[in-house]
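Chain nomenclature is as follows: A, B and C, assigned in order of appearance, with residue numbering initiated at 1 for each chain independently.
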Amino acid sequence: MNAIEILGLEKTYLVGFWAKRPKRALHPLHLNVEEGEIFGFLGPNGAGKTTTLKLLMGLVFPTAGSARILGREWTDPEVKAQIGFLPEQPYFYDHLTAHELLNYYAQLSGVPGKERSRRVESTLLQVGLRDIKGVQLRKFSKGMLQRVGIAQAILHDPKLVFLDEPMSGLDPIGRREVRDLIVQLKSEGKTVFFSTHILSDAEALCDRVAIINQGMLRGIGAVADLTSNVQGKIEIIWRGNTVPASMKALGAECHVTGDTIRAVLSETQQDAAIDALRRERLRLISITPVRTSLEAYFVEKLQHAETKAGTMA
Amino acid sequence: MNARIAHIASNTFREAVRDRVLYNLIAFALLLSGAAILVGQISIDIEKLVVINLGLTAVSLFGIVIAIFIGIGLVSKEIEKRTLYTVLSRPVRRWEFIVGKFLGLAGTLVVNTFFMAIGVFAALLYVSHKFVRTDALILVALYFIVLEFLIICAIALLFSSFSSPLLSAVFAFSLFVIGSFAEDLRGFASMTHGFTRWVATGAAYLVPNFSAFNVIGSIAHEQPVAAQLIVNNTLYAFFYAALALSGAVLIFEHRNLK
Amino acid sequence: MRRSYTVSLVAAACAVFSLAASAMLLHRNDQLRPHSALDEVLYVSSPKVLKRASLGYDGLLADIYWTRAVQYFGYRHSQHAGTYNLLFPLLEITTQLDPHLVVAYEFGASFLAPTPPFGAGNPEQAVQLMQYGIRNNPNNWRLYYDLGFVYYVNLKDYKKAADVFAQGSQVPNSHPFMRVLAAQMAQHAGDYETAKMLWTASYQNSQDRQIRQNAIEHLRSLRVDDDVAKLQQGVTRFGERTGRLPVSMAELAYAEGLPHIPVDPDGHPYDLTPEGRVLIHIPDDYPFATRGLPPGYTPQTKFDYNRQ
């Protein structure tokens, strides 16, 4: 079963003070997310990621289209018991302590009374918050608030977790912890849908990604596929400080760094390159396929769209 | 469903109790009750009269201020600060949210009034040295004051569901003032004709009518309150609050949250 | 560090100085306008507007206006201002806001009717106020008393006074003296006994300090009037018996068989002029006396309602 099916969700706002002009925040979106996968929703700021999430959460109403979450209509309130949501830059009731807040959320999510405190404690531990009993949230740092936000999203053991920029406000250790947490969620069989503009996170974590810009879907696919060796290049590193003529003959781009040389060649020239090095008696250090980075794919997709828009206009 | 409303209500109550503004206002009201004792010494005859007039007026006015200021924060503030997002992503219906907020605020005001009323009775005991049967009328006046609060709460919640905190406060306070003139509005409506009459009559009934709720002046003179009035006022408050809350639910149900 | 202390010190000194200066300026202003401590302007003089503006809290607003009325009268009286133009408007507003504030009607009866400087000098307004009060509090016998009071003391309309006292005596739980006063009015309106009864009733039945003080002064003056009248009659009898005027009060006292020289309520003996007139020793102490005053005497209002 698909965890999420987005069926043509669309959102147009009316902006302007006197004469309202329509502004399309989201063009009709069609997207599926499978159960048990980590799905990345990528795009620059203002692309429509948060709009999509707010539509799915029922915070904003679509101009057209619908969606199904865990097999039910997205407007079904019972669906909410099985999902968790971390909004971008979350705020919470300042006057409460983290325990009180999470307890309140647990109540609202229908966690039975006996289990609440246990769940709250274990979740707080899971997100790395310690020694915060009795401290009101208004005294928390941004990073701590972010952890509280993640805590409230997973506290009721939901099957599907929506995270909007989960890494924001965290230091490197925190980011690592959140990454580990997401991986753990997947290992528990949960589906994770998270939006971000930080590609390295997506590359490291996601099974599949979608790229959105200016309210339109630009690309979608498995990370492995998108970053595969599409260009068919390999990278050879060997010890030496001068580039042999034979290598130059192959048309390689060579870079010298200290006593190692790195060259990028086409895959088909791999054997020829190895032979050349052996003849020259140069020490081979490594041969690796050059993978397209997600960033390159990302940039390419966005530029492609812009050109298309440019030619159309 | 009931459990969720109860949880929202108790959370709202807790939030109000921790709001320092509340304590300042209560302290001020108690201060006024104390001041009433001093003012009453102008004329021995009317010491008790002044204590009752000033004390109950303070309870009423401060309560209304509290009702408006905390009430408008209920929804507007939550939307501005986006604390609502994490609440609504849970199996909470939007209407449950509104009802829970209302009950929490109503509870706060009742408790509030209780404490301020103690101040009034203390001042009364001080000037009269004992209680008499007619002092029970003060409880009736306090009950009517609480009913007024419920109406104002519901109104504040209504405006809060679609308007910014500042505008909501202005609107709610304006409606309170207009509500004091509601009888005049009805009188005016009956003297006009045609289209104006329709508009004026509509407005006169739409606006909350507080004229029957303020019995402070008459109970200060120990005049009894008809039981029928108590029943009528209770029902009116109930229905008017329901009206305002229905409006709030209606608006909130279809609102896009930024 | 030293710089921050300096700033704090300067700021504190500035605050203290500014406070003292502004307080002094307020004081100077008071001296510039000595009679305006209570401005002779009612910014809102329409009772109906005020009732609307009170947003339903008219009981409290009535109490506030009542306080203003009392202070207005007391202050102006102590300043020998002589006029009380705002008294009626203030009382009118008070009673429109709270028609059941009985003490306001009583105050009006006592101080709207008498001639200046003892009152506003407008008995018709007092009557108007009383009638309004009676309409709104038909079961309060005291208001009938107050109205009758005005008719008797200030308008000297004994017939109307008698009627009003009679109506008042019909009210359930009215004081027994209402009926007595009604009867007295009908028969002996001008008598000393009647007036004494009235002022005594006034004194006993009010809690307001100024009203009581007023009643005391009237009783004192009544007593003096009565004493002077009786002593003057004594002088006449002496003249008829002996054919001459008594040479001194002592001689008159002896001739009248009085145990000692007659004294006024303050303990001063009455004077006897060579022409045989009985005079009050210090007329200023009895502002309401109508007898025993020297020829050409004009009363000075020395007395103060706030005197104990």
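What to note about this one:
In the analysis below, a residue touches a chain if its C-beta (ideal position, glycine included) is under 8 Å from a C-beta of that chain, and two chains touch if they have at least 3 such contacts.
As the structure is a computational prediction, the values presented were derived from the model and not from experiment.
The central chain here, found by comparing per-chain C-alpha centres with the mean of all protein C-alpha atoms, is B.
Each chain's centre was taken as the mean of its CA atoms, and the one lying most distant from chain C is A.
Between chain A and chain C the centroid-to-centroid distance comes to 90 Å (mean Cα coordinates, whole Å).
A straight line joining the Cα centres of chain A and chain B is 49 Å long. Chain C has its Cα centroid 45 Å from the Cα centroid of chain B.
With touch defined as above, chain B holds no residue shared between interfaces to two or more other chains. Interface residues of chain C, counted against chain B in their complex, comprise 52, 55-60, 62-63, 66-67, 70-71, 98, 100-101, 103, 207-208.
Residue ranges on chain B touching chain A, taken from their complex, read 3-4, 7-8, 11, 14-15, 18-19, 81-93, 254, 256-257. Only residues 39, 42-46, 49-50, 52-54, 57, 60-61, 177, 180-181, 184, 210-211, 213-214, 216-218, 220-221, 223 of chain B touch chain C when the two sit together in their complex.
Residues 54, 57-61, 77-81, 83-85, 87, 89-93, 95-96, 100, 104-105, 107-110, 149, 152, 162 of chain A are the ones that touch chain B when the two sit in their complex.
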